[in-house]
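Read through the structures below before going on.
Note that chain A is present in both complexes that follow, paired respectively with chain B and with chain C.
This part shows the complex of A and B:
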């Protein structure tokens, strides 16, 4: 009797949240799957089932393939730049916890992560500007030749990686700091008594002990890298000023297919490819974690 | 290592970290500085870092030429509504999932977590058509539909309920004859003040900085959020860097101030995203 009453309350209390979830999360996810195997031109009412034709077409579509390659380069570039930097930085900040500037270290690294994307991208757009930017001014004063950072396709990719890493760093440092604080101090004490230097302790204790955190942060960074959009949109306008054209990324390509080319089914297929990438990355993270657990 | 050597190393590390911190802040500081430059100084070569003759002209013309304040208002009301919705849904769902261990409830929780893996960008196009069918394009309610719930919020509250609210407390209230809703409102919620504040700050910043969703839902100039307004302003009818910087600074400075004030809540919230494993 009591149990039943409690169960009724639980169901009623959970119902509104569940209904919203079904409406704005599960429903659209199922819809994406459904649309990805259909042909829908946005105007017509019939959406014929066409099997995997959208996916087959995608892998012959040079715009999509360019977007896929660019996005992958950005995601992995950001990860390779962010993770080692964040780990060393967090190690140093943790080591200097008692410094009077400790608050400043954490805050200054974290602020780029919380400021709005577009104003931040605006700041970098000026830094990278070929004619007016301080980056080229610095290069020239050091005797180099100015580069067109945002118009050369390779340099533009690089610029986006720098901007995204600048933003991703704060999150990674914060998670690593939590990790460092949870490490057992006794192990470090023992290492110090055995005469290990700080660098040795970092290399042979911190890096292996923090491996689960490294895996987690790497996957989070990669996944958000694959969803890059605003940064490319603002930084990489082409010479006519059309936003995001210089460096095509997946989300941009998807939105253009849906809203400019009116090919919603095709765009949904792209979304499914994005989902598949994310699932593979997350799956790899869990597999690597389990492997580590078993070897113990 | 001698004491002096150790002190010297610590000093070097401090210097390095201070320099790195300043480097991280430099782009934002330069942006704010640019907002005060005259057009002539803006195109001067080599670029200056501190404006020689600071002027407010950029701010004046940006506020006169664009509905900047309206865009900020749109973002603000959208972010506040989203925060309220996420705090409400997460607190009740997180509590129920933590303290009512029925099998069907656990299945629902697994479903919530499963959707968390799927990035918003994957299902935002079908969601757009739902909003369109409701006639809510270019409205704040339409924007809100994308940001009503947060899987991570439910997870965060569940963890905190498990960790900090003992079963005995709830049992005792039940024996005293308290109703379930009363227990949630008068016992559970006050005990969750810390995590709820962290979640609120997280939810607010998530909505405030959202980009792709407002980009497709708000297509009329009057409905833009500040992020969309700035992005289209930068690529649209003007490439005046001074004005752009002024507009950006208007957005940047309040959010940095808000962050510094709410830093503790924020850091707690973000740090707990790493506890998933």
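This part shows the complex of A and C:
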């Protein structure tokens, strides 16, 4: 009887949280799902059901497919650049914990994460400027030829990856540092006694032991990579003829379809595709890293 | 005197006393603008209304055009709070008017707008739907050539180019190059990159001057792509010739008004607001303006009123739109901001005589023609998709000089344009 009462109390206590979660998190997803199978122009009251027509049209839409490919390249590029760099940087900072500059190292790596995105992107836009940018000036001074960072389709994508990674790095390093600080020191002492070098300890102990952290950081980085928008917008698709090749990404395409082309149902279908991709990738990452973790 | 009568007298007395001693009820309206440079103008209009509306607070809220369009789309579809004056081009406002999200203008405003002494029929039509006035015309975007007179003189050129072929010839002569022959100052700044829709709109202007149009109204309300033809080949061919053959411009070069003001380009086509921008940012620039060979775009921008404000606030908002059209405010707008007012019967000579650059916008040849962006729901979608294709074409040197390849590209783009029109039931068979 007492257990039943406790159970009922627990359910009642959790109910408000569940209700808020359902209202704030699940409600919009269900609503988007509903809109994705309708034809709605944002301002009309009529929202006819059109089945999967929006999805069928999406996969024949060259702009959507371009946006999908660009977004995927950016998301995976950011993840591939950020994860190893963050792990190495965190390892170095952790190794230098006793240094009086330890705080400075941590702060300087974390600052890009808290800097407001738009001014940061503007600064990077200047860095990548083909005519006036310091990056090309450096390349020329080293004997290279200047590059059209923001105009060449591939280089424009690379520039966005660099900007996103620069921003994501601080957070990833911070999480890895927490991971490093929680690693058992006894394992490292044993490795040192066995004659393992620092690099060997990092390769064969730190990396496997940090797998849960890597899973978390890679999921967060990948998901935020798929939601890239402001970086692409400021860096390469400003208004009024600002020099820069427009790098079409999914969120930009969605916004254009919803609020400029007034095709909310179509934009909702794009959002559902994005959700599905992120869910599949997150599931795959969990499965991959857990599987390997269990096999050890 | 009974108790009730005493109470009634006391109440009447208190009400009368309150009417005389309490301040008038405060009023508030918002001005939603997509042109940040218009801010001082609207603030000036607000100031000019102080006599009639001493307790009116006017919140001027400008943001960039694309953000403004999104704000309006969200605001109108979910319901705007208070009374707002919304600045919108006719092509964008049309859908809201047709959906009943914009109220019709009250009788006094409608009368003001419809009076031929105030506005030409083109602008009345642009602010109306089904013969009902919904907005108050204010200004228009109209293109003309801006050219650097010092650079023209140095290149031995007198006056502006008069044909589209001359544009390329002039651009070649005006381009300044480094020792390797690479352009360092473009001869003619073309819109090759940046925000997507603008690329198509600027190309449309060149296309129009070659005799084409982006979409053609074949029968009332029915449209078809109008650029997969000789005019289209000439327009796109001219871009490609300038980029790859004559090399008068590159995609990486600084462009638009900023480049012109910094003397990084010798000429470019833009609207009249550039005059105000030059006056503010590069007052010593030696430049002149000229009409285009055939004609220009005329994009009317109107002031609409929407929201759930009180009757008094809504009336104040409409009065604001009317006050914006007071002659002294319009003269100030032209002189200080540079957008061309739409009202007729106003003496702008004090500005046009003093600032010669306006001449191209007001003194054009008799056979000069204008086109406008049609008020159809898919126009932005059409332009965005065409712009994405044009960007690819501008980056493709293989098409330069190959008219057949250009035509094939245009036919493919036109197919997509027609497919969008068909999707919306707007395609002419």
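We take it that the second predicted complex is superposed on the first by the 252 of 296 C-alpha atoms of A that agree within 3 Å, B and C clash if a C-alpha of one lies under 4 Å from a C-alpha of the other, contacts with A are read in each partner's own complex, and residues count from 1 in each chain.
Rule of thumb we're sticking to: contacts are C-beta pairs under 8 Å (C-beta built on N, C-alpha and C of every residue); 3 or more make two chains touch, one makes a residue touch a chain.
Keep in mind it's a predicted model, so treat the numbers as computed, not measured.
Undergrad: A:111 contacts which: chain B (first), chain C (second), both, neither?
TA: First partner only, chain B.
Undergrad: Tell me which touches more residues of chain A here: chain C or chain B.
TA: Between chain B and chain C, the winner on chain A residue contacts is B.
Undergrad: After the superposition on A, what does A:225 contact: first (chain B), second (chain C), both or neither?
TA: neither
Undergrad: Quick check on the superposed pair: does A:41 touch chain B, chain C, both, or neither? Answer first, second, both or neither.
TA: After superposition on chain A, A:41 lies in contact with chain C alone.
Undergrad: Scan A:259 for contacts with chain B and chain C and give back first, second, both or neither.
TA: In the superposed model, A:259 contacts both chain B and chain C.
Undergrad: With both complexes overlaid on chain A, does A:32 touch chain B (first), chain C (second), both or neither?
TA: The first partner, chain B, only.
Undergrad: Once chain A of both complexes is superposed, is A:148 in touch with chain B (first), chain C (second), both, or neither?
TA: second
Undergrad: By the touch definition at the top of the document, which applies to A:77: first (chain B), second (chain C), both, or neither?
TA: Neither partner.
Undergrad: Would you mind listing the overlap between the chain B footprint and the chain C footprint on chain A?
TA: 131, 237, 241-243, 255, 259
Undergrad: Mind listing the chain A positions that touch chain C in their complex?
TA: Listed in rising order, the residues are 41-44, 62-63, 66, 130-131, 148, 151, 153, 237-246, 248, 255-256, 259-263.
Undergrad: Quick one: which bits of chain C touch chain A in the complex? Just the residue numbers, please.
TA: 64-66, 69-70, 73-74, 76-77, 95-96, 99, 101, 191, 193-198, 202, 251-257, 377-378, 380-381, 384-385, 388, 391, 395
Undergrad: Contact residues on chain A for chain B in the complex?
TA: 6-7, 9-11, 13-14, 16-18, 20-21, 23-29, 31-32, 35, 89, 92-93, 95-96, 99, 101, 104-112, 114-120, 122-127, 129, 131-134, 137, 140-141, 166, 169, 171, 174-175, 177-179, 197-198, 212-213, 216-217, 223, 226-227, 229-230, 233-234, 237, 241-243, 251, 254-255, 258-259, 264, 267-268, 271-272, 274-275, 278-279, 282, 289
Undergrad: Taking the complex as given, what residues does chain B use to touch chain A?
TA: Spelled out, the residues of chain B in touch with chain A are 1, 9-10, 13-14, 16-18, 20-22, 24-25, 27-28, 30-31, 34, 42-43, 45-47, 49, 89-90, 92-93, 95-97, 100, 102, 104-105, 108, 111-112, 115, 117-127, 129-130, 145-146, 148-149, 151, 154, 180-181, 184, 205, 208-209, 211-212, 215-216, 226-227, 230-231, 234-235, 239, 241, 244-245, 248-249, 251-252, 255-256, 259-260, 263, 266-267, 270-271, 273-277.
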